[in-house]
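Two complexes, one shared chain (subunit A), two partners (subunit B, subunit C).
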Partner chain A sequence: MVVKKDKTELGDRLVHELQEFREVIIAKYPKKVAKKRAKSIVVNNPDNPPEIQANVRTIPGIITQRGCTYAGCKGVVLGPTRDIVNITHGPIGCGFYSWLTRRNQTLPIDENDSNFITYCFSTDMQDSNIVFGGEEKLKQAIREAYELFRPHTIAIFSTCPVGLIGDDVHRVAKHMMEEIGGGINIFGFSCEGYRGVSQSAGHHIANNGLFKNLIGRDDSVNGSLEYRVNLLGEYNIGGDAFELERIFEKCGINLIATFSGNSTIKKFENAHTADLNMVMCHRSINYVAEMMETAFGIPWIKVQPIGARSTIKMLRRVAQYFGSKKLIDRVEKIITEEMIEVDKACKDARKFTVGKLAMLFVGGSRAHHYQDLFEELGMVTIAAGYEFGHRDDYEGRRVIPNIKIDADSRNIEEIVVTKDSTRYKPRKTEKELNELKVNGLELGEYDGMMKQMGKGTLVIDDLSHYEMDKLIEKYHPDVFCAGIKEKFCVQKMGIPLKQLHNYDSGGPYAGFKGAINFYQDIAMLVNTSIWKELKAPWEGDAFIEATFVC
Partner chain B sequence: MYSSYHENSFSIKETRGTCNACKQCSPLGACVVFLGIENTLPMLHGSQGCATYIRRYLISHFREPVDIASSNFSEETTIFGGEKNFNTSLDNIIIQYHPKIIAVASTCLSETIGEDIKRFIYEYKNLHKKNKKLPEIIFTSTPSYKGTHYSGFHEAVYSVVESLANEGGNCDNHINLFSNFISPEDIRHLKEIVADFGIRAMIFPDYSDTLDGALWDTYQRIPPGGTSINDLKNSALASSSIELGYVLNLDVNSSRLKTNFLSQSAGEYLKTKFGINLYRIGLPVGIRETDIFFQLLSSISLAKSVPEKYEKQRGRLIDLYIDGHKYVFGKRVIIYGEEDLVVSLASFVVEVGMKPLLCVTGGESGKFKNILQCVLSNSFSNEIIIKQGATFEQMENIIINSEIQPDLMIGNSKGYYIARKLKIPLIRVGFPIHDRIGAYHNKLLCYEGTISLFEQIVNALLEKKQHNSSMGYKYM
Partner chain C sequence: MLLRHTTEKEIDRKALTINPVKTCQPIGAMYAALGVHRCLPHSHGSQGCCSYHRSMLTRHFKEPILSSTSSFSEGASVFGGSSNLISAIDTIFTVYDPDVIAVHTTCLSETIGDDMAQIISKAKEEEKIPKNKTVIYCNTPSYIGTHITGYSNQLSAFVNFFSISTPKKRNVVNLVAGWMEPSDMREIKRISRIMEARTILFPDMSDVLDTPLNGKFEMYPSGGATIQEITAIGDSKFTIGLGAYSTENACVKLENKCKVRFEIVEIPIGLKATDRFVISLSRHANVPIPDILTEERGRLVDLIADNSKYFYKKRVALFGDPDTLIPLIEFLLTLDMKPVYVVTGTAGNHFNRSMQELLSEKVSEAKYKSGECADMFQLHQWIKQKSVDLLIGNTYGKYIARDENIPFVRFGFPVTDRPGNNYFPHVGYVGASNLVIKILEKILDHKDRTCHESKVEFQM
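Moving on to the complex of A and B:
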């Protein structure tokens, strides 16, 4: 029953078993639920990815991994920026629970640099605010936050009751901008928790806000004119951004802005002066990349600097894009330098990891990115899925035109972006773009997770608790990757869980140094002996009898 | 005697926005209570984010699986009402989990649109009348904009007892012990104590196994343990009830709109409805408060005496106080957290000769000051700055603008940043503790718990002294 022996030889047997397993899970559900879940559990074929149902409402009563729209907007996208005061308009819970819980790191450059991410601002709405409206309280909260910190930017995030009682956060923002004056920038987000299917809706709302209120406000061109890039969808969990910044600097690549790990508002406002956008987490930030391409003519490429080989691929693609011999040589030199240590660490870790099984159910891109690292460790990913991904994250962007728009997507504002009349500037000519394409550099493309996963592996969207239990019961993976909500259930079943939301207080895992950290952590995890101690000696068959020592 | 008591002259600017709150929302507290009932699955009627946030928060403190279902409101549900989602959710929970109880708490979303959850339950039960195995469905109203996680906790204690307790059966000699928001380790300790007194007690809520379990041979959909449903039903037949804590859910009544609805604690309810004696004492921390608790147990018990084991523990604690006195005497302490916790800690702090110069709570019952004054009695001084409904930001301002110059902080993880700025030790007590492991094993109550707390405090002070010493003494 348990696939344990000879995990290296994952032949047709496993493919067949997984297919059967899918049928078994689905058969156990009540008819209506089974019909719905069947579309979200598919057996993969990398050559022709099957259609998967994603980004649809979770069935009530089925315990999900997903969060809410507010979490995606406030917690994920705008949370990591250090010099913006984020005020949660609502009862205290939402603000409190998103208070520094994602382990985003930031590094103020000096004592005068602001850092507000350690603070939790909320309007702490009470009964009377629900009845008589909370706008006055919100205004007062903004005044107080301004008096306290004198920030240049304040954002307001709406929670469920705000939408219901009809507080207009956008009008309050405008009003307070005039009242305080002095060029302060205040804007609101209608990111009420009930709005979308998951946090993904919040990402979209946040993206719109970034574009409308921040990007393009400052035209000054700072720093070197060469190789100017932005990194999108990197949130500096466990110091990932610091490692990537180190690599870019070493290569002479000029990082204008990161959305939004270790970021500042100033950098956002200036981001449109870059010549290339690199999209890391496709799900949470592809909207910004597209809007910047339309408005300013900045092309984007998908990168996944998780894993040493993937980091190399990213650097080479950036060098290829700029096409300068100087950069290409520099990048190659750095790669050779960095890989000495990486190769050694990888070799050491592989002694413990080759042939082991992994499962990943996390995020909107992490379940894909981390497969690169497992490949480097010689481990096999037999099942994976996203918490809040869309079809394009699984099947690739080619399916976007075919994605059905439902009511839950329709209520998110689509902003119309047009060519900026003065600042639109194509970075490459048609001819150059064609040349890049011929040489294998696809701009604005993402192939999705399924292309990379093996034939016959399981892809499951919005994994439910029940399905997780069954997966583990049957396949006993050597490591299961998810978040804190799943961690202790999985470990109770005797399987180590690696948290890929907050890295179990570890990290960084991005770039070269990050890959080394990950190799070591996984080698430790799959090799730990504690799981052998689950049964006390007197519970097992082989009872070691004490011998009398004289 | 205390008529001379007057407002401390130090005041802070009253703010309307909140920066770094010292409280969480009420559904969180209710979920903790629900997790302390046998075979129960909590459910939140509202947006799925509430369940997710509360789960991840409880999990980061208890480091155990926590399953909380949600009715997953969408925009449509928000406009047309959540009854359909409510029913689907119950259906799916029953099919997957087969619980004996589904405990529902409301959220700000469902309360704002005015969902009549009691009616939903009534109609759901009617619809499934023929199903003999239908689980009991309990409801607690916890609008997040009212009260705190602490009052949500006690509101849930009340509504569980109110829904389950019934007469019918013979009055026997057991008691109800409403043990407050304490650690799983302390629940186990209380169980041991009452058993040693020979008292049969229902301790509620009992999440000592559900939120601090061992590894499982086979996966358990709902972890074993919790206060038994039978015991809860029989709570109306008890000889008496003990409530630990003075404030409980009082702050739901304070200066709010719904003044026509006077909430009761579980003990008060049993007293008014079934005439069961109610003893309300503080959380037993330190000698004085624990003595009161033990005297009470002894008077309830048949033997009318305190087991020798505890006399010895008491003796060891006093001995320890004497040993440690030279290190703690006169030390200036800041205490923060839930109201009853702060009161009990302050009582302990003055008894060992330290000064609780700043006592802060996020709760808003309005009774904090008076209760603190009563409990501290002779040791109360006007030096003590007391703030209720306060935030960490206000607390920090008071510290900066006053002459407190603290040596030590006692409270949860959220105050760490202040301790870090002040370069003083923080003793982690209460909820949430997510920057240390073992919060669920924190023993705080009674003589043994106080021994552990006192040792932590002395050792933290010694460590700081040693660390700062240029000589690096090994002999302190």
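Moving on to the complex of A and C:
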């Protein structure tokens, strides 16, 4: 494993170089652009994380990784739930591109269980709908969806023109709920693509919708009364949720709801009967955690079960939270059991990976979480950044009070949540909470990415194509992690790219078995023979000399 | 079951599209612009559009897809996207140095009514467009037409902005490429070359979206029709448009602007469409058809004759884009297959007329539908009512194929789960042979895997 000392030494070596590199890349931009980008490219200091500019508008024309608000709302947060009919209200494209493109797997319990994930529903707005309004078409689409599928829940997702022409999807939802009746739940999201600076705004809007329309609708308490938890910000890419479900079940931890990998609406509706929320992707779901704490008194902890050690840490923290000897013992027993295979796989992979360089530019938590796995592989992350993170995801939640709320963030609805008059129930007494804190269990805290990264490493928010190109040209990392848009640009340069949005059709990477998969996949990536064959034999100097001598 | 909620019971749908066989205009514009050398497509809208299009094109081509966006925020949506685009133009030329920025609009910028000509001339006034560089635009509102319309609009825009008629006419035939694969374009060029016809292919994605891996990333690869070529097509003696939906507008525009007469033929998929293309090129370029092509044709005929019993009367369901569906269906008829169900999200009389002509006599039970609500859900319902022996379409077809246990040939856009689009053309006689082999393999593999053990045979 990479020890802290290694990172510091590497940091000392690189700090000067990376600082210089930073200045060179910034110099290329037009003056105004350079000024803006300079604030989003910082040299890290884990002991005292520097301020980074994040969650601000992307500079037009810069070639960004980012997507839109609709993608964050419909694609990311609501997409993985199988028994809801998600209707995209807009021209055909938005629904089409968010159809089966995120690899969230789902496992219906039997043949009768609903699963709409393989379907794309759209109102396919035409110019006449833009001119005369699309509400009637939307109503008719809902009628048809109901007639064909009889779903218990329908959601409507607004695309750019919807907000501009003034279609009120919330009014339509209410109207159709009354028209259809029978307890059907229909709600809308004002998640037009332009609403925020990235997908992040869509996450927030989705969180608000989950809380307003689903969480708390069903008070029935299902399953064991012990160790009741929710997992938030897990989307079951490549089967991650299945592996985590396996681990929790083995440990006797009762998973009430996952937001939203392998999820159903019913589970969201009684998620408030859990006693602890575990937040995995802080960026996309911390709002739900906060709202559930305020309304129902459920505390939350940050977990990152990506990497075997981090998974262990998560399990121990959950056991510590519940404070039961039975659970603590069981968790330890399972850790010991699981780690036999993990250690073996890690040892095998490390033959190929130790000392190699990684760079991660992806998402709003993955660029942090996956550093754990690279550490386990003995690899060093010298540059990283998020696509749509906020300052707290970099510098830790302690900076939240200092984050300036700009016009773009103010556009997003902040819903006022108060204590639920009947159902608020503190899960721990003040004394218990203090004890947990003294013993190192921070509730409602997240330290961010920078604390974990070495001194002198580069942290870049909303990396541009140009910056990526230059980073690779100069540092030739052994593995670059990003998404599909970056994949083949990077690979043309002879550097393997690991997609951390869709895992290159691999996974799961979460939990213990996931760690094993990741070790093997990274070992494969750095060990794949074809990367040594990029030049034809006759393109090398040696060949020319040899030919000449002959 | 993957599509467990689909049943054979149809209702009269008017508003809800389920599993579309189309997407929106801008992605077509982006794809078309990639076929022009040193051109950067630019999406004038919110940044999700650009991200979605780049992702989908990348999944299909497994190649870098570069494009920029105006990154609209709420402010831009209220006050207009002028300053976003002007600042984008400045950033793009400074950092990425293309020769042309091909701006296409989106439903967002169209709904708010951004005047593209005015914004671009303002950028010029503010000296954001360097000398010898050009910014062009096309209007591609997502709520009109489909990705095919966007492709067509982008081609028209290139003609509109660049093509010029000078007194010096050239003995060249323009080939305007409809939406096809880079491998298809490479094959079209090969056919032209062996016919010794002087041609300009536009757009041309070969050597752009099928580049070698050699350790060097080229933002602007060697391929693509050059601006000089697109300028010069105005002096050519004739234009052949391949595919009515994707090329006719550009051909008309060129005729109006530069008086270059044109003919539209189908994309040369299959025996007869290739015959027509070769004859057209021979006639208009005034070159003979060489023996080498006749031999290629003969090999294709031989292959079909040898295997005709596997095709005869097999029922086929297809979904995709009209410019490829029309010749493909004609080819299936050449094989004596029965295209019984056809859907395309792209509307237009030409498709309906072609289906009528091709199918009314030979396949009287055929059902076809185009435009709104002509989607895969409809196609699947027909299949549920009476099944087929083969399904042809893009990757989204795999869900139907698995549920219904039907052999499935991937064809069209997007194909995201199998490689090969870049390698094996579907056009020309060689492409038709590839297609025949692909279809045969799927049908015979299916038979080998599902028939009774006693029926498994060493030879077929």
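Assume the second predicted complex is superposed on the first by the 533 of 550 C-alpha atoms of A that agree within 3 Å, B and C clash if a C-alpha of one lies under 4 Å from a C-alpha of the other, contacts with A are read in each partner's own complex, and residues count from 1 in each chain.
The working rule: a contact is a pair of C-beta atoms (placed from the backbone, for glycine too) under 8 Å apart; a residue touches a chain by one contact, two chains touch by 3 or more.
Here the structure is a predicted model, which is why all the values come from computation and not from measurement.
Colleague: Clash or fit: subunit B and subunit C on subunit A?
Modeller: Subunit B/subunit C on subunit A - steric clash.
Colleague: Is A:399 touching the first partner subunit B, the second partner subunit C, both, or neither of them?
Modeller: neither
Colleague: Quick check for you: in the superposed arrangement, does A:111 touch first (subunit B), second (subunit C), both or neither?
Modeller: Touch status of A:111: second partner only.
Colleague: Touching A:120, do we find subunit B (first), subunit C (second), both, or neither?
Modeller: both
Colleague: Which of the two partners, first being subunit B and second being subunit C, lies in contact with A:328: first, second, both, or neither?
Modeller: Once the two structures are laid over each other on A, A:328 reaches no partner at all.
Colleague: Which parts of subunit A are in contact with subunit B and also with subunit C?
Modeller: 30, 33, 57-71, 87, 90-99, 101, 118-127, 129-130, 137-138, 140-142, 144-145, 148, 159-161, 163-165, 193-195, 198, 407-408, 411, 465-466, 469, 483-485, 487-489, 491-494, 534
Colleague: Quick check on the complex: what are the subunit A residues that touch subunit B?
Modeller: Going by the criterion above, the answer is residues 30, 33, 57-71, 87, 90-99, 101, 118-131, 137-138, 140-142, 144-145, 148, 159-161, 163-165, 193-195, 198, 407-408, 411, 465-466, 469, 472-473, 483-485, 487-489, 491-494, 534.
Colleague: Show me the residue ranges of subunit C that touch subunit A in the complex, using the header's touch definition.
Modeller: 1-5, 11, 13-20, 22-24, 26-27, 42, 45-49, 51-56, 58-59, 62-77, 84-85, 87-92, 94-96, 106-108, 111-112, 141-144, 146, 211, 213-218, 345, 372-373, 377, 396, 399
Colleague: Quick one: which bits of subunit A touch subunit C in the complex? Just the residue numbers, please.
Modeller: 28-30, 32-33, 57-71, 87, 90-101, 108, 111, 114-116, 118-127, 129-130, 137-145, 147-149, 159-161, 163-165, 192-199, 407-408, 411, 464-466, 469, 483-485, 487-494, 534-535
Colleague: Which part of subunit B faces subunit A closely enough to touch in the complex?
Modeller: That would be residues 15-21, 23-25, 27-28, 43, 46-57, 59-60, 63-78, 85-86, 88-93, 95-96, 107-109, 112-113, 143-146, 148, 213, 215-216, 219-221, 256-258, 393, 414, 417 of subunit B.
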